[in-house]
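Next come two complexes built around chain A: one with chain B, the other with chain C.
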Partner chain A sequence: MRDIFTIGLLQNTLRTATPVVLAALGIMLTDHVGIMNIGMDGMMLCGAFFAVLGSCFLGSWVAGLGAALACGLILGLFFGLFVIRFKSDEFIIGVALNIFAGGLTVFLLRTIFGVAGAFSGSEALPIHALPRIDIPLIGDIPVLGQLLSGNTLLVYVSWLLVAVLYVLAFHTPLGFWMRATGEHPESLRAAGVSPEAMKYLASILCGLLSGLAGAHLSLGYLTLFAENMSASRGFIAVACCIFGRSNPPKVFLAALLFGFIDALGLRLQSVGVSSNLTSMAPYVVTVVMMVWVVQRGRRRRLGQGKLPDT
Partner chain B sequence: MKELKYLFSFPFRKKINLGYLFSLTLSVLLALLVGALIMHLSGHDPAAGYKAMLSGALSTARSRGDTLAKSAVLCLTGLAVAVGAQAGIFNVGGEGQLYLGALASAAVGGYLSGWPAWIAFPLALLAAIAAGGLYALLPGWLKVRLKVNEVITTIMLNSAAIYLCKYLVNGPLKTGERGISAGTVKIGAAFAFPKLIRLSNLTASIFLSAFIALAVWYLMKRTATGYEMKLSGQNPRFAGYIGINSGRLMLLGMTLSGAICGLVGMFEVFGIHKRFVEAVSNEFYYDGMLVAMIMRYDPVGIILMSLFFGALKIGATGMEQIGIPSEIVLIVQSIVIFFMAAENGITQSLKERLVQRRARKAARREEGAA
Partner chain C sequence: MKKLFALILVLLLAAAPAFAGETLRVAAVLSGSLGDRSFYDSANEGIQTLMELYPDRVKGSVIECKNDASMFTSNLISAAEQNDVVVAVGWEFWDALTEYVSELPDTKFVFVDNGLDGVGDNLLSITYAQNEGSFLVGYIAGKLTETGKIGVVGGEDSETINDFIVGYEAGAKYAREDVECMRQYAGTYDDPAKGKENALALYGMGCDIVFQVASRTGEGVFEAAEETGHLAIGVDSDQKYINPDVIICSMIKQVGNSIVAVVQGILEEDSFAGGTIWSANMASGLIDVGYGEEGMPQQVSDELKAEVAQIKQDIIDGVIEVPTAFH
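Let's look at the complex of A and B:
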């Protein structure tokens, strides 16, 4: 037991939770405007690949991050164009986007880097990872310091974004408009704000966040790109968004829970539990949590004397 | 007797949607064009690439057999998607159901290897149906009873099932045979589907696949249940008013979908691998899903389209031989979906523009007259 529950477990929790946090925040924004973004997994995968591409060929992590953001921007626009302009089924576009991303990244991996499976940098083309940031004073505090200091850049960015997006969504007119787009687009139109513009804004922001999530995967959490490395995290992020009822701090907590289970699985592997069994855990827990959250919601509605929705 | 007549009547009794056919052809051509562009940009010759694809898919008896076998898989997985979608429930978890069906049937086939085939084979068939069907029933039940979004749960259950199978074949169910890193005991030699073409993946399972495809088409298009599924899938509230139990139909659609996926898994094991191996499927279900989505869950369309996509998939191995990564096919396929999904929106806006232009012209003419 003492080997399992260590400070390293909590450190790993933060590291593994971060891509889910970033992705879930993006999904939350599209959820606010009434779009369900199933394609997040593929968007993250593309982001992870372009982060490595930028980092290798332009020779710095800043370029990697920039490439991931640019990729996210394009994918967000693309998603928005199809779902908003062409009124396509968001579910179909999402699924197609995931398959497209899986195909494109492997195709490019093999064409550009000439390897199949994974690319972890070579002598000629090293991957420049995101920097770790040591916070001077807090870093000296015994336990807390180990947790709060020395993380990679995007961990801090994700924390900051939770706060920023909370304020944006619930304390600014823009956030109010976005949520109104999801709940009552016609009222918003009557008030002189275009719901379509809000939807585009949300998909673009979602794309940018997917880029950050991908960049953290391939330049922060690991320093490599592997086939299908997003490993359904985009879908877990959708689940987190549902658990957190599209409220940033709650979404953050849900993502931390998954980070914890992921990290616990890694830790259990070191004491001899099969890696295949521990890998199952986050997915099973997601299903259980989905059921629990939905059940709780139903009870609450019943408690208020309302009929459950049919 | 009347039923029989319907069964053999030509499937396209209603008018074929010509506009749809046109945009489908256009989408496929455009997607192939984009594929050519990507090949050109990555330094390959597109013409040589497509030529290699064509010969890879159709040049020899073996490749033709492989193409047909691949098409059967695409067709069944596509129909599995469609049968759920018709009842208004999306089974995204076919991959997991396929794995479990494969594992369950492989276990039965392996442990009963000394038994006569006429007992063991049907038992393996049942095991595959039960494993796939029950594993789909779970998210279906959660959706119907508790309103838990089935898309997320089925995706999660995919990964869970795949890891579970990997655990089992590396642990409790691992064969003691030398040289097999991760696999179950070999199934009895008498149970395996005989190969129809030497060296190819085409086995006698193709007949069973064809039968299942026909049965699913019949259920979806020619029975009252199928019609009720369609009604309740399109408008559950209306279906409820006229006394259709939508929940029951969703469960039926989902369970059937899972059972079909389980059978696909079994066909892979009993046809090709002769035991459960970790690589029993390579995202087969997602390929089938693409086919189903492109054909808008229409069974006849899925059956025809799976032939084309099967040729693309097997053709990709031919491209691989001249150095073009086979993933180009995934890109082309998903681009077809993008075009088809946008088709409605694009034609709508084109029509609107046409109407506007006509109106403007008419207005100008009136002005001229006045």
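Let's look at the complex of A and C:
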């Protein structure tokens, strides 16, 4: 047991949660304006690829991050254009994005880098990873220091974004307009604000966050690009967003919970729990979480005197 | 006019096999996709080697199913209809082969990495003694570990993967009796982030050498080794080039060369041992241990390499019997 509950478990939790946090924050924004973006997984994958591409060919992690953000911006605009302007079904566009991203990154990886499967840098084209940041004073505190210090850049950015987006969504007029877009667009229009503009804004911000999530995956968490490396993290992020009821701090906690279960499962293998059970655990927790959220939502509506349709 | 055109087309189609008889069409159908830098890539190399050796007599192709279960059967059948030899790479083809081999008697099937027999005279199965190769790298790990703890990251809890692990453990124990071997299964073959976490957990528990048996997931194991300043062991191909500073050696399973050998048999001697299982063991030369190319830093000393060579001979001679996960 002493082998399981170590600082490594918490570090693992944090590492596993961070890409999910970044992705879930993006999904949260689109959720507020009434769009469910299930294309996040593919958007992340593109972000991860372009981060490596920028980092290799332009020779710095800043360029990698920039390329990932540019890719996110374009995908966010693309998503917005189809869903808002052409009024396509957001689920179909989301699914299309996921399939498209899988194909595009494989094609580009094989044509540009001339390798199949994974690219982890070469002599001529090294991948420049995101910097690790050591915080001077906090880093010296025994347990806390090991958790809070020495992480890669985007881990801190994700924490900052949780706070910033919380304030944005719940304590600024802009956030109020965004939420009104999802709940009652007509009244927002009556107040002279365009719901479409809010939807575009959310889509683009979501795209930028997908770029960050991807860049973290390929330049921070790992220093390589592998085909399909997002490995359904975008879908876990959707679940975390729903579980956290689109409230940034709660979404953050949901992602941490997912990361914790994943990290714990991995360590439980060492005391003889079957790996087939442990790799199932995060998904079982996701389903249980969903049932709980739906039940709670129904009870709330009942409490307000509005009966659900069924 | 249309009828005449159709007639010509039919005649051409009927004549096509006669013309094509000169070249042997060989296709490898992969359950996953290229780029694992081990198992599937090795099969691909085998096909490429054949085309280089026999530019006029072999026409090779590689079909990827990309882990899409709906493609396994259809790709296998369409490959069989267009080729003389079909190499199925991946245990996922077990069901499809069992069902369709007897219905496609004109095609010779080669099933790589699985022992399937009694299906038809046109199927040759190849199994590899990965336990014997893993015994060698396990021995090296047992000799080099300072903490007395070594680890292994497997792709999934399956018999083939466990065959590696059992051999590895036995080899390590042969080198040093008190060695402790810890195992982790990632549950996926294409998520390097997961593999990195598995390896970090093992290093965190005191292991100083980790053997990866998890295809692309294993890329993360090498990253974890570099980050924490520990060592790792590669699998299937000689993977040392990926990161020569942390990968001390690789257990080599030459899937590609076994495919070359089978097709050469067909071409040169017109022999094909259909209906049997070929067990490619240490003696076949297809199972080995690799230390990278010249000029790469070597963590394994020459004395240790000599010991490993002796053990290899002992396994071939039957002096050492390596346990297996297969029953």
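Odds and ends about this structure:
We take it that the second predicted complex is superposed on the first by the 287 of 310 C-alpha atoms of A that agree within 3 Å, B and C clash if a C-alpha of one lies under 4 Å from a C-alpha of the other, contacts with A are read in each partner's own complex, and residues count from 1 in each chain.
By our rule, a residue touches a chain if its C-beta (ideal position, glycine included) is under 8 Å from a C-beta of that chain, and two chains touch if they have at least 3 such contacts.
Quick caveat: nothing in here was measured; it's all calculated off a predicted structure.
Judged by the touch definition given at the top, the superposed model places A:Leu174 against neither chain B nor chain C. Applying the stated contact rule after C-alpha superposition, one finds that A:Gly117 touches chain C and leaves chain B untouched. Contacts of A:Ser279 after superposition on the shared chain: both chain B and chain C are touched. Of the two partner chains, neither chain B nor chain C is touched by A:Ala163. Once the two complexes are overlaid on the shared chain, A:Asn12 sits against chain C while remaining clear of chain B.
After superposition on the shared chain, chain A has more residues touched by B, the comparison being chain B against chain C. Look at A:Ile141: by the touch rule set out above, it reaches neither chain B nor chain C. In the overlay built on the shared chain, the residue A:Leu217 is in contact with chain C alone; chain B does not reach it.
Once the two complexes are overlaid on the shared chain, A:Gly103 sits against chain B while remaining clear of chain C.
Residues 106, 231, 274, 276, 279 of chain A are contacted both by chain B in one complex and by chain C in the other. On the chain A side of its complex with chain B, the touching residues are 38, 82, 85-89, 91-93, 95-100, 102-104, 106-107, 110-111, 231-232, 235-236, 238-239, 242, 274, 276-277, 279-280, 283-284, 286-287, 290-291, 294-295, 298, 308-310. Residues 38, 42-43, 90, 92, 139, 142, 146-149, 151-153, 155-160, 163-164, 166-167, 170-171, 237, 240, 283, 286, 289-290, 293, 325, 327-331, 333-335, 337-338, 341-342, 344-346, 348-349 of chain B are the ones touching chain A in the complex. Those residues of chain C that touch chain A in the shared complex are 33-37, 41, 156-157, 182-188, 190-194, 196-198, 200-201, 204-205, 216, 219-220, 222-223, 242-243.
Interface residues of chain A, counted against chain C in their complex, comprise 3, 6, 8, 12, 15-16, 19, 106, 115-118, 120, 217, 221-224, 226-229, 231, 262-263, 266-267, 269-270, 274-276, 278-279.
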